[in-house]
Amino acid sequence: EGERFVLVSHAPDSDSWWNTIKNAIAVAGDQMDVEVEYRNPPTGDLADMARIIEQASASNPDGIIVTIADFDVLSGPVSNAVAKGIPVITINSGTEEQSKKLGALMHVGQPELDAGKGAGEKAKAAGVTSFLCVNHYITNPASVERCQGYADALGVELGGQMIDSGQDPAEIKSKVMAYLQSNPDTNGILTLGPTSAHPTLAALEESGKSGTIHFGTFDLSGEIAEGIKSGVIAFAIDQQPYLQGYLPVVILTNLARYGVVPGNSINSGPGFVTKDNIALVEKYAGEYR
Amino acid sequence: MSAPLIELVEIEKHFGPVIALNGVSVSVDAGECHCLLGDNGAGKSTFIKTMSGVHKPTGGKILAEGREISFDSPRDAMLAGIATVYQDLAMIPLMSVTRNFWMGREPQKRVGPFKFFDFSEANEITMTEMAKMGIRLRSPDQAVGTLSGGERQTVAIARAVYFGAKVLILDEPTSALGVRQTSNVLATIDKVRKNGIGVVFITHNVRHAMAVGDRFTVLNRGKTLGTAKRGDINAEELQDLMAGGQDLAQLEGSLGGTV
Amino acid sequence: MSAPLIELVEIEKHFGPVIALNGVSVSVDAGECHCLLGDNGAGKSTFIKTMSGVHKPTGGKILAEGREISFDSPRDAMLAGIATVYQDLAMIPLMSVTRNFWMGREPQKRVGPFKFFDFSEANEITMTEMAKMGIRLRSPDQAVGTLSGGERQTVAIARAVYFGAKVLILDEPTSALGVRQTSNVLATIDKVRKNGIGVVFITHNVRHAMAVGDRFTVLNRGKTLGTAKRGDINAEELQDLMAGGQDLAQLEGSLGGTV
Amino acid sequence: MAETQTAATPDQDERIREMSTFRKALIRPELGAICGTILVFVFFIAIAGDSGMFAPEGIINWGTVSAQFAIIAVGACLLMIAGEFDLSVGSMIGFSGIVMALMTVHWGLPAWFAILAAFALTLTIGALNGFLVIRTGLPSFIVTLASLYILRGLTIFISITTTRKTIIGGVREAAEGDPIAWLFGGKVFSGLFVWLADLGVVGKFVAGPRAGQPVVEGIPMLMIWALVLIVFGHILLTRTRFGNWVFASGGDAQAARYVGVPVNRVKILMFMFSAFCATVFATCQVMEFGSAAADRGLLKEFEAIISVVIGGALLTGGYGSVVGAALGALIFGVVQQGLFFAGVESSLFRVFLGVILLLAVILNTFIRRMITGER
Amino acid sequence: MAETQTAATPDQDERIREMSTFRKALIRPELGAICGTILVFVFFIAIAGDSGMFAPEGIINWGTVSAQFAIIAVGACLLMIAGEFDLSVGSMIGFSGIVMALMTVHWGLPAWFAILAAFALTLTIGALNGFLVIRTGLPSFIVTLASLYILRGLTIFISITTTRKTIIGGVREAAEGDPIAWLFGGKVFSGLFVWLADLGVVGKFVAGPRAGQPVVEGIPMLMIWALVLIVFGHILLTRTRFGNWVFASGGDAQAARYVGVPVNRVKILMFMFSAFCATVFATCQVMEFGSAAADRGLLKEFEAIISVVIGGALLTGGYGSVVGAALGALIFGVVQQGLFFAGVESSLFRVFLGVILLLAVILNTFIRRMITGER
């Protein structure tokens, strides 16, 4: 009873996608009657994240949940935590193999490159030949991998098709419009999350191209769900972050209390949300989905 | 005789551990030029800053025409008719002469419901007043930074004179000035005084003081050494009072008595 | 007679459209006090800044003991033996008196392979030199900002004197000083001169100039009006030369001849 | 004093070399920005002239971005001339957006009330910034750096604790039909563009859901706000008594105080004006995109300062021009968007920006020295 | 001149009120930071004393974070005392990291060469910053703001164009056995900790490949660097001729120049020293974690400045203390990590930081006025 777990993510304070996970750990914490702390580097600096993991293990929690944002940076602190006897579950970015190498119990997540590839395959099927990847967080390696995966699946060079859009919605919108205007043959768009998806929706709307361009995005939000319903967005890749927050807490609690733990890693995604299954998703978009 | 324009009684001013003024009393009558003399650090600047509302005195009181008042800001003092030209800062080098001249009292003209800075009038008056002080400007838009140190001080004096107040305070206005401009300033003080305005004139130069002063107050280490009327004291006595006679006598001897 | 310590020949200095110096020649001999006089904006400060390496002259040449030299920085001039006390900035208020006094020429002591600032020596000398100039410090760590304007200038002069150079330039050292401190400075100039150092002394005050000067050069609008030897000229003539006799005469008349 | 009057120096001008009236008319604070603007336009017309950058949609595109910069630049410019600056502009944008969104979406208050409340709140914070700077005598860099951190932290904290989200959507729906929300999110002159499209001056959509409508729907209110603020700021600064006080407060607060300029009031008002501009920015964004996020406005303070400085203002106060700042914002917007139209690798944008900033300030310094005789 | 000597003012002291020696000994630039440090420790011992924060690993943890801040704070402190500051520290950290990683991993050069090359490059950039500031006379805020953008842009650009990634891993492997890499990434005094662990003072790992080893492996080189830099900076500043020049350059560059202080050299050297510290920071990070990323060091410039200012330095130069800056870094690190141990919502960290910054500078200003008689 009252075990204490720490979840350390790589996301900067303001990344809204992580709310779902925060909500998930809150729910799981209530249900299991444990205490789960969410920690992240305020500016998204991975080196700071490593410190936070070290610190988490210094505070001797009953388990640590951590994202593998960068294997190199995190391998030291995470394996130290494991060596201290703290059970670790890795989530979100990173691969199963990396997770194993770190000595974690399991990995709950979705590999970014593969997710990008999945999106690219769908786009290829829809006939996309020239695309735009709106990267609002270019300094984060996972973001580049997503665009790279998409490009790989299409079989084209990534090159200038990935733009560094910044985080200001008006600038993202203007940049997308500018890009589309000067590259009129663009027929596919990939956005990496709500931050870039929302202004891109507005940009398409304003340049009268809503629905004419194959538009895929990562993650879900109210607006994205709306876009899927109206047919502007073809799909959203949902890695079901709720599970990435909820499952590890439940598993770690059970491990702590009864010593039971599943043997394999869990793929929480990629799940594709399209017009067909949107109804289910929509209600909780951005909060539990 | 009517009450003095302004009277400061037993003013004390402490800055943390430093006692800058330790009971100084001075009064200024209408139409007189009251000279404040004293060595460096005697407290002259501190005293007149108290008089013009920059510092609040630690002790003592200020009477204006017999009524006790207190100034919360330089603006208060200005509204009470006390204009000051400071030793150190008076002009803003990046701004034009006109903008400096009118700073704080800009003339305005109405256009519909709005009030605008009346530049044509301001420029004209500035040029005239500067010419009166012997400074010919290229244009009223010229930045004050393009004037020499002395020229700047002259602008500041012209400004204070133009906005003629009841009491005009000048903190070492002549120390950076050449002979001609010094003469101009002294003549201006004379003129101002004759118009019934009280002038407080701070200087180290006994001869400048003797030229225009009606009364002379010597400060020493935050205290008044005494006030003398014109005619009751001569230049040498004043000099002695300021510096302690003996040293000076020795120096004058060795340097030819011309200091 | 040997070549002058330093000689500036037909110096010109333009600042953009402003011609600050338009051919000024001045020489300084060993052991003389050469006074530079002139109205505001005459170019005195500009001239001595050229002499001390702050400005590079637009035209003309500088001879040191007969050889032509040019200064790229104040440091060059200092190494050539020219020390200067500037009118405006000389001291850094946030630093202690000792640090200011030794700024640029800190005494060092070796500890193993390293050299450290020798504070004990520096403090001692500072206290002594300040006492000589009539300033008693609470402690050598006292920040210069706690001194009055005049006291600061005295520190700057003491510093220049202590690092006794071949030529000592003083830009209006007395304009902010009280009588006693002025006497001190003049006496110091006298002493320095007697030690065979050439002094360039800038002032507006003809009496200060007459007290110590051996030669007098009057500048007017960037040009030399002429150089006179001590004895060839009296105070009134010098005053006239500086300001144009007629105006002054009128003023002196109206103010009682005491300016 | 007839004698002194006749003694007025007769021909001081002998020492001033000739300067042609043309050259004199040219040297003004915004000269650098004017040259910069011309250069930037020439450059982009040359390399991206046929990319649609100068077609009507293209113009609206970079115009909007520039207008955004201009709105915060005007506030930053007046504040900087008054001798202070405000690093909390960016945080203030995020903060006021979240406040509005929380009020309308989460608490169901009417949009007009939320907007007014957000303005009231940020103006109070601006005043507090100013008050702290005045009372403590600390540099505004420090004080507003503290508010930068405090406001950003609070924004994230309140949005997370009340809604468990850092992006709050649905504001547009909540603001539907609101009496003042359109002032920030709407577009004007739509009729004009329909007419222009009919004339063929502006293109029409040929496909998609909006086929037949003009490609430019109207002028966004954002641009109108930018224009209004620029004109207001310019007139305030150059034509009024208050403008003179702003210059004086920045040029030398002590000297200004001594002659009776209410420096404290001027500075606090300018902090409030800067907060006002940030809130206009935030409101326009929230109303246009219908959502607010806690990380909005990141580093916007630097962008505002850069625009102002490109526009010829002096970082230390007392000198500058609103028109210059607006041109700085224009340069900023055109370069940022132009690089996209020109197809340059987008990460190079920052490099360009840095270089332009350097060149612009060097040119400006040179011009300023000519004007003010500053040494 | 016997007569003037005897004329020395006899008892100036009548006008100075008594100040106790105790009070005098207390008022020094770092007093504020000392008080702050004590307060912060008392606070965290009270609320998080039993959370492991003051266990050996906990201490190493916040110690490392503080050491990180301290390394850049020392550079920023000396530079700030010399009257300039450097906003490009953060970008420089990202830049030098990527340069090292590219050289070792992508181009296969030896680690020692990459490290030296990175140092050479950043020192050059630092010198260039300084040179620009000196030559153009522009405020360093502007010049280094430009380098902030230019360097960050270049970092992203080169890492994306050469490797298509913004994070480059594998440096640790590449630096294995390198003659100088351990200077940055290694740990020292491991023996001590094994002994301490055997005594039971330090815990031991219980599982995994390192079971039986102490949980604290050693003192990271980062801390050693921080200590060395602090001691070096402190001695340089307070005990040498050069230190006096640093104060003088920052206090009044013109006055210093007039008495022959080589102000330009001092300032440029301090810019280089700040770049040096940033590169030490970056190298330690790269060697410890084995990877470099283009976004490393984001906003670190502010954190450095905050530490320095908390430590009592004056933003406008000429006043400050390295020990103070180090204490500022300690406060920063302890608060950042301590809030975690105390279980406070992490977004509130910034709020705390802002408040601490404000309180610290107000206290510092008060102390400084007492010392310097500044008005």
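For clarity, chains are labelled A, B, C, D and E in written order, and residue numbers in each chain start from 1.
Throughout what follows, a contact is a pair of C-beta atoms (placed from the backbone, for glycine too) under 8 Å apart; a residue touches a chain by one contact, two chains touch by 3 or more.
Since the model is a prediction, treat every value here as computed from it, not as a measurement.
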One copy, subunit D, sits on the other, subunit E, after a C-alpha rotation whose size in degrees, in steps of 5, is 180
Greatest Cα-centre separation from subunit E belongs to chain B
Distance in whole angstrom between the CA centres of subunit D and subunit E is 34
Expressed in whole Å, how far the mean CA point of subunit C lies from that of subunit D is 49
Whole-angstrom distance, CA centroid of subunit A to CA centroid of subunit D, is 35
Rounded to the nearest Å, the gap separating the Cα centres of subunit B and subunit C is 27
Shared-interface residues of subunit B (touching two or more other chains) are 18, 146-147, 180, 183, 187, 244, 247, 251
Residue numbers in subunit E touching two or more further chains are 3-4, 7, 12, 16, 156, 160, 347, 349-350, 373, 375
Multi-partner residues in subunit A (2 or more other chains touched) are 13, 138, 164
In the complex, the residues of subunit D that touch subunit A are 48, 51-53, 55, 57-58, 61-62, 64-65, 68, 94, 152, 156, 160, 164-167, 169-170, 205, 207-211, 213, 215, 217, 222, 285, 288-291, 293-298, 300, 336-337, 340-343, 345-347, 349
Note: in the complex, subunit B contacts subunit C through residues 18, 38-42, 87-88, 146-151, 154, 172, 175-183, 186-187, 190, 204-208, 210-212, 235, 239, 242-244, 247-248, 251, 254-256, 258-259
Contacts from subunit A onto subunit E in the complex sit at residues 13, 37-40, 42-47, 50-52, 54-60, 70-73, 75-76, 79-80, 82-85, 103, 138-141, 144-145, 148, 158, 164
Within the complex, subunit D is touched by subunit A residues 12-16, 19, 22-23, 26, 138, 160, 163-165, 167-171, 173-175, 177-179, 181-183, 194-195, 198-199, 202, 206-212, 221-223, 286-287
As the complex stands, subunit B meets subunit D at residues 52, 54, 73-75, 78-79, 84, 86, 89-95, 99, 102-106, 108, 114-117, 131-136, 138, 143, 145-147, 159, 180, 183-184, 187-188, 191
